[in-house]
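Down below is the structure, laid out as structure tokens.
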Amino acid sequence: MLLIQNIRLSRILRNTWHVDLIMIASCTAAYFVREYLIAHHFEIPSIIPTVLGTAIAFFIGFNNNQAYDRWWEARKIWGAIVNDSRSLARALINYVDEDEASAKRIIFRHIAFLYALKASLRGAVDEIYIKYLPPEDLLEIKKHTNKHNAILNIQSRELQKLSKENKIDGFRFIEINEMLVRFSDSMGMSERIKNTIFPTTYTYLTKVFIWLFVVTFTLVISQSAGPASIFLGWLIGFVFVSTQINGMSLVDPFKNNSAGIPLNQITRTIEINLLQMLEETDIPEPVKPINEEYVL
Amino acid sequence: MLLIQNIRLSRILRNTWHVDLIMIASCTAAYFVREYLIAHHFEIPSIIPTVLGTAIAFFIGFNNNQAYDRWWEARKIWGAIVNDSRSLARALINYVDEDEASAKRIIFRHIAFLYALKASLRGAVDEIYIKYLPPEDLLEIKKHTNKHNAILNIQSRELQKLSKENKIDGFRFIEINEMLVRFSDSMGMSERIKNTIFPTTYTYLTKVFIWLFVVTFTLVISQSAGPASIFLGWLIGFVFVSTQINGMSLVDPFKNNSAGIPLNQITRTIEINLLQMLEETDIPEPVKPINEEYVL
Amino acid sequence: MLLIQNIRLSRILRNTWHVDLIMIASCTAAYFVREYLIAHHFEIPSIIPTVLGTAIAFFIGFNNNQAYDRWWEARKIWGAIVNDSRSLARALINYVDEDEASAKRIIFRHIAFLYALKASLRGAVDEIYIKYLPPEDLLEIKKHTNKHNAILNIQSRELQKLSKENKIDGFRFIEINEMLVRFSDSMGMSERIKNTIFPTTYTYLTKVFIWLFVVTFTLVISQSAGPASIFLGWLIGFVFVSTQINGMSLVDPFKNNSAGIPLNQITRTIEINLLQMLEETDIPEPVKPINEEYVL
Amino acid sequence: MLLIQNIRLSRILRNTWHVDLIMIASCTAAYFVREYLIAHHFEIPSIIPTVLGTAIAFFIGFNNNQAYDRWWEARKIWGAIVNDSRSLARALINYVDEDEASAKRIIFRHIAFLYALKASLRGAVDEIYIKYLPPEDLLEIKKHTNKHNAILNIQSRELQKLSKENKIDGFRFIEINEMLVRFSDSMGMSERIKNTIFPTTYTYLTKVFIWLFVVTFTLVISQSAGPASIFLGWLIGFVFVSTQINGMSLVDPFKNNSAGIPLNQITRTIEINLLQMLEETDIPEPVKPINEEYVL
Amino acid sequence: MLLIQNIRLSRILRNTWHVDLIMIASCTAAYFVREYLIAHHFEIPSIIPTVLGTAIAFFIGFNNNQAYDRWWEARKIWGAIVNDSRSLARALINYVDEDEASAKRIIFRHIAFLYALKASLRGAVDEIYIKYLPPEDLLEIKKHTNKHNAILNIQSRELQKLSKENKIDGFRFIEINEMLVRFSDSMGMSERIKNTIFPTTYTYLTKVFIWLFVVTFTLVISQSAGPASIFLGWLIGFVFVSTQINGMSLVDPFKNNSAGIPLNQITRTIEINLLQMLEETDIPEPVKPINEEYVL
């Protein structure tokens, strides 16, 4: 998540420079093609870039809206994980009779679940979760490809044990189990966003149409603006390209970059909240922004 | 689901070539009609294709938005099926007392339910589900037209049996039954999307208006661009047509093609998750992409 | 629900011909007014139809979006009725102890509820529901204006009776009651869509503005296109009018026409599913499309 | 809620006439300013009203969409109140053992709740609710500023009493209490819409920009259309103004006017349904439309 | 929340004056650059500001829509807090047997929770919550960074105590606990909106593109409008800038300014409702608007 309001233009150009080069080359080619091949035969009607502009506006708007929706849905899912984590801890700490050790073990295991899920979504190796799991859990989890789902399974087993030992009654059992079901939902929803590729035809057609637009636009304005049309063609193309690239940076909100959801920060916030609720003393620091610029 | 970012233009043209032919023929006709019939009488005002362009932009945008919504809703439904399947398995494995055989039988039957539902949505013959059902179930299901609904019915009966034998209490009964209700909901929601035809008047009017646009557009630009207007008319038409066809490829998300929801992959993922939770050893491979290009 | 993809143009014209006549008359009048009254005094600026076009585009887009949303919401409501009907039947068949007769009676009464609700939404006389009700129910319902609500009331009474006779416990009672609450919700939601008139000012202003547009558009293009402007004015007007009329055909989705939700088909599907679950032998045929063109 | 399709133009003009006067004055002023002050110095570029038109289109579209959403949400809330009222009555009539008097008293008190809530939302004095309350309730409610909330409080107390007297068990208690929670939600949601002013900057800026548009538009077209530009300027302004005013008429859906939600009609419908379910004989008439034109 | 309909233009200008200065400087520079450097070489094609206008329209529309959605979601969350607070109080007052003191203590603590949450969202020091908490609670809360979460934790503990002392049964326990879970959700949702920065690239690119637009627009119109183009360039720029700034004022709805959600007013309303339900006599005044202009 970007924190600063005044982005340096270089940050934008860093993301677009290879497209900028292609556009400048295309505009230059278009300029010379018109100058030496077309100019004496016919005029390119200006309605062509205008109509293409409409099509591109639809595409870029559509892509941006869907990308933002994915990003915001991802943020909502992790917001729900925050809320449910607190409710789980609150329930375990207050509703389990005379077995603080079990309550604490389940809450610790839940922190492990969050770190394992985060690592899986980020596609990163993150071993923090190990320190919150007892050795027998680690052994059991090793056999599973989906580690966070395996952890959830152990949680259910321990909940059943609490219930059988009469440390919680049926009403409290159903309440805590409900939280596990919700974590299962949030986990699956995160995986859905991560694994579902935004239809690539949309991004592909957008690229093709922007290119078509830039070329026909340069052809049209070179009739009055001369060589400056190469610069102007690129300028307008840059407006569209940077908008499109900016939107697409939100489409995979779990990527480990400055545009993504700050999973490190959120997970750490939950960790701190839960440890404070358990009245632990060894509490980690909140996640710090990088260069005061963004937080991961 | 398409995996690759750089679609070959041939893939687009393969979907549009018959429309391309119609457009080129229309543009050619329009060019000659203007050249020999209209040119000496009056000018086609350029406001006509401009206004038509607005109408088309609305139509194509509307169609694409609704198609994408259907596609994404379908994806969400099957995401919910993933989550609920895991929650069902977790509940059965951990909350059923001393009857692992029943728990396993219900989970196997659930995998059968998924394969039967998938086959029905795809309109394909898929007999995988047979191997997860005991013979008496197969016999019973044969009588029903809606096989997946019949399977769900057996699940309820077995759940009731578990409850009557005191292997689960009322709270756990309600929890597991809730999952069956959710599967019934997801099943019906999938059928709704599959069976509800997107209002055909929208796609029909879009076609008519694009054709009108291409013809009037060619009439207008041929006043300045000469024979090149045939090519330019087609080019602009192609932009609209490919956008429309691209959107419509999402409108039936359960079709067995590269734009659809990858039901094979999702069902297999659930199958693997559930078998691992049951600590089975004979676990199938994940579904592989076809030509590294798309996954079904 | 329309089934065919290639609508005959006559179907569109049948819905628009009286508006077409008004438009042609207006365009003709506008043409002669300009020719003999305005031409020598001043020019109609072409910015007027352009700006009006923007306003109309907003209106038609808005109307279509809201109409489609009503239509799709209606479809979702009846999709939920399908799902809940199956869940109700599944619960009654499997969870009621030793009283198959009651279970069957409630399911039959539920089919009656659906037919009564459908008849009320369609504003049609439909007596099918009678055959699924015992005589004493018919007698009781007669006194009520809202027949489907009265049927639901009997369902609750019978559910209470099952509970008092200990044929279902509290958990199953709450589960089946939940389904009755959901039917009450779906019923009320359907009535809401049927009874809430889409704000008539929107459709009225759309008509006024399209008329204004067609007239000013003809005035403007007649400056260059001559008498052909009458035809062209109508053509553009037709594009807007057919779009608007097409959208408005979805605004009352429970109407008994080809654009509406196919309540006959959906109700019959539920009826078949429920009778098969009851292992009945006398099962009606699915609803057939009319002329292979649409299904009601 | 307006019932008629053909609104008289006078109804629109009645809502806009003071704005119409301001616009005609502004257009006249603009015409003379250009004629005598600007005409000899420079030309007003026509791109100015075009760009302003885009900004206005966004504003009017935005305002209309949000206003319609508020209106439709309000309608949905009262639709939910209809459904929950029926479910409450159904539960009380069928699930309370041997205490018809209490059931009837709670249902009557619920009708009072609806009338009190309606009166509060409409900001109207409406004393109908008094006749459905026993004297001791009236005495208690007098002390509260929020009368409908106070009624809900009595409902909970009586529900608790029924439960303590063993006339309902825990499952039925939770079911009926759930309805009270839902009424509390619907009540609060209605108050939220009533009390939250739509950001006034939007309506203010819209007014300013429409005025700017009308003035610059008149300046531009007066270059070719002469004095007729005063009329044409007003005409285009009228299109925008009537659209905006029409949208804003939906923004406060609980107002007691023809565009609002017909709370009188809805409340009466619930009243009739509930009295019929109680098999009362003295049943009021449905609310009649006023002048066959609208219903309140 | 602004209350007045007629905003003074000065209020708008106060928010935009530094941008206005930049725009006037840029327009002046653009005017002279064209006059002395470009005019003799080539013409700036007017299609450039037109295309830029489209891009800006998308951006401003997108930003406004997302900002309004955040604002309205924030309002809905606090509306839910109102509803759930009343339901909590209703449940505690009526469903707790013979322990009015506990019920009152929990309700008071809930008011403290609301004030603590409000202070945290506003980033303000607000010590009102102290007066609703017993000393031992204050001591316990001091140790936590997230004070409102700590209060919720105490609520759960006291609820468990009520349950253990048999003052509420399992059904009532689950009902009241459900409210605590909902407060946890609303709390987390508020924090999500407060802590998630709206992607800064959107606001940044909007600024850059508006500047580009104003400059190219001035370049284009100065060809016909002369020095007046400086004023006209600023005027059009002002339209875009004020729209953008207006939208962005909604993006952080918990800020303590006139555009934000009136948390003071809402919290006080809940406080009054709850104290009246408790039949307290010392009831604070509702929050008064400031200068009859806005309410915080």
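Observations, loosely collected:
Letters A, B, C, D and E name the chains as they come in the text, with residue numbers starting at 1 for each one.
In this section, contacts are C-beta pairs under 8 Å (C-beta built on N, C-alpha and C of every residue); 3 or more make two chains touch, one makes a residue touch a chain.
Remember, predicted model here, so these are calculated numbers, not experimental data.
A rotation of 145 degrees, rounded to a multiple of 5, brings the CA atoms of chain A into register with those of chain D. Distance between chain A and chain B, defined via averaged C-alpha coordinates, is recorded as 24 Å. The distance from the centre of chain C to the centre of chain E, with each centre set as the mean of the Cα atoms, comes to 38 Å.
Listed for chain B are residues 50, 54, 170-171, 174, each touching two or more other chains. Contact topology of the protein chains: cyclic, one closed ring where each chain has exactly two touching partners.
With the ring opened at chain A and read toward chain B, the chains come in the order A, B, C, D, E.
Taken together, the chain B residues at the contact with chain A in this complex read 1-7, 9, 12, 46, 49-50, 53-54, 57, 60-61, 64-65, 68, 71, 75-76, 79-80, 82-83, 86-87, 90-91, 93-95, 169-171, 174-175, 217, 220-221, 224-226, 228, 232, 235-236, 239-240, 242-243, 246, 249-250, 259, 272-273, 276-277, 279.
Those residues of chain B that touch chain C in the shared complex are 41-45, 47-48, 50-52, 54-55, 58-59, 62, 66, 143-146, 149-150, 152-153, 156-157, 159-160, 170-171, 173-174, 177, 180-181, 184-185, 187-189, 191-192, 196-197, 199-205, 208-209, 212.
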